[in-house]
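Order as written gives the chain letters A, B, C and D; numbering starts at 1 within each chain.
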Amino acid sequence: MTLADARRVIAAAEKKATEIGQPMNIAVVDEGGNLVSHVRMDGAWIGSINIAINKAFTARAFDISTKDLAKLSQPGGEFFGIHESNHGRIMVFAGGIPLRRNGKVVGAIGVSGGMGAQDQAVAEAGAAAF
Amino acid sequence: MTLADARRVIAAAEKKATEIGQPMNIAVVDEGGNLVSHVRMDGAWIGSINIAINKAFTARAFDISTKDLAKLSQPGGEFFGIHESNHGRIMVFAGGIPLRRNGKVVGAIGVSGGMGAQDQAVAEAGAAAF
Amino acid sequence: MTLADARRVIAAAEKKATEIGQPMNIAVVDEGGNLVSHVRMDGAWIGSINIAINKAFTARAFDISTKDLAKLSQPGGEFFGIHESNHGRIMVFAGGIPLRRNGKVVGAIGVSGGMGAQDQAVAEAGAAAF
Amino acid sequence: MTLADARRVIAAAEKKATEIGQPMNIAVVDEGGNLVSHVRMDGAWIGSINIAINKAFTARAFDISTKDLAKLSQPGGEFFGIHESNHGRIMVFAGGIPLRRNGKVVGAIGVSGGMGAQDQAVAEAGAAAF
């Protein structure tokens, strides 16, 4: 995951966010879960800086979209309580998607700034550009 | 709980994880709840490092399997909220098992890297070797 | 401090880092000390992600360059101990510079990835583009 | 950095620790700074579990031995205060060494359990086996 890769992913996500009219925080992490790049679009929530970065971390940490993890981590679900792990870095709602190359997860994108469906749509647009 | 004990437990757990084809993080803690050894099998989730260690801690902290604790700590359950204690170290889903010697808990194993039933099966295989 | 501002500052810093041959983490925060954008150049230290972001925070938090704050916060200095405040976000070595508009601090840049003089030079190049 | 690599490094470090008669905590992290394996030798300090893991993280985070980082991060040094970054994970005393393959840092070893020279000697023995 190069910085150029991350920027291409972020640019596609930003374009989608602009289209739907919702400013977002967008982050990309590498294979080790470490931040490669982050942007906060003008007017996006400051509380979402941390969430976007951590959605990306979460998607890489478990090689799963945070939308799917959300289902497994509800009360009664088999991963309920996982949000308490990893020092508050696990986000269990939509907007984080693993990025694969040749079938292997090599990073992830995390998006936060709107409702779940918006975050997810923007993350998907970013992931599609990888 | 010696390092040799921990390694024997981990080896048995690793063997089981290999059999079911799911790479795992496996950790063993001692009577004090402190880590004796941890291994991350190739390809296992990086988000599960913390979880495996903390499942082992949790199982020793309350002398209970995390699978059983999970039932007690759901919304409405009498331990609901326990996951907030101990600075984020309490894991309330399957994969942590106390290790007993002469009826006394002297440590625990914690496994994370798959679905709940997989984590539990691997932890049981490890515990059986103690 | 718009995202466009932050990107212009980061681009100038990146150019300088490339010139001196040292990959860097570069971050820009706004008037509230909140992250606007971060990039990790290929090969830059992963431990410097946190440091770059926090140098920027520190420079805005006290409206001072972290190079100057470094002098005041040595043992015996009048701000010695300040690094313990703000939950570990205060960095007391060179590489963070406030960004001013019409004499007012409206954000800051933070750079980390090399020796102090390198971080400072790259931060200055970024600040000059604001 | 495979688990087999980490075990080979740990075995060499353990052998050295046994020779000098000082039980140690020994940890290996991968390229992303994430733990691959940890062992606590019988009788080693429990306070050193965290330190060994974090020395390894630090050595990878900045691609430098913690012995060298120690010199740069003393009062008056250009990295003084770095120990406050990265949420308490930066250790600035001897015992952490980057592990290189073809000139590139792909992980690190961290050792803690004795005096600085002992930790360093054991870490060097481990690194030599990589």
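The working rule: a contact is a pair of C-beta atoms (placed from the backbone, for glycine too) under 8 Å apart; a residue touches a chain by one contact, two chains touch by 3 or more.
Model, not experiment: these values are computed from the prediction.
Trainee: Shared touching chains for chain C and chain D?
Mentor: Intersection of chain C and chain D contact lists gives A.
Trainee: Using mean Cα positions as chain centres, tell me which chain lies farthest from chain D.
Mentor: So the farthest one, by centre of C-alpha atoms, is A.
Trainee: With chain centres taken as the means of their Cα atoms, state the distance from chain A to chain D in Å.
Mentor: Spacing between the chain centres: roughly 31 Å.
Trainee: Can you compute the centre-to-centre distance for chain B and chain D, using the mean CA position of each chain? Integer Å is fine.
Mentor: The mean C-alpha positions of chain B and chain D differ by 25 Å.
Trainee: Taking each chain's centre as its mean C-alpha position, how far apart are chain A and chain B in Å?
Mentor: Those two chain centres are 28 Å apart.
Trainee: In angstrom, rounded to a whole number, how far apart do the mean CA points of chain B and chain C lie?
Mentor: Spacing between the chain centres: roughly 41 Å.
Trainee: Would you pick out the residues of chain A that each touch at least 2 other chains?
Mentor: Residues 32-34, 87 of chain A each touch two or more of the other chains.
Trainee: Edges wherever two chains touch, nodes for the chains themselves; is that graph a line, a ring, a star, complete, or other here?
Mentor: It is other, because the touches fit no line, ring, star or complete pattern.
Trainee: Chain pairs that touch, all of them, please.
Mentor: Chain-chain contacts present: A-B, A-C, A-D, B-D, C-D.
Trainee: What residues of chain C sit close enough to touch chain D in their complex?
Mentor: 45-48, 50-51, 54, 70, 73-75, 83-84, 88, 90-94, 115-117
Trainee: In their shared complex, at which residues does chain D touch chain C?
Mentor: Residues in contact with chain C: 32-33, 57-58, 60-63, 75-76, 78-82, 84-88, 90.
Trainee: Chain C touches which residues of chain A in the complex?
Mentor: The contact residues of chain A facing chain C are 2-3, 6-7, 32, 34-42, 46, 49.
Trainee: Quick one: which bits of chain A touch chain D in the complex? Just the residue numbers, please.
Mentor: Answer in residue numbers: 30-34, 87.
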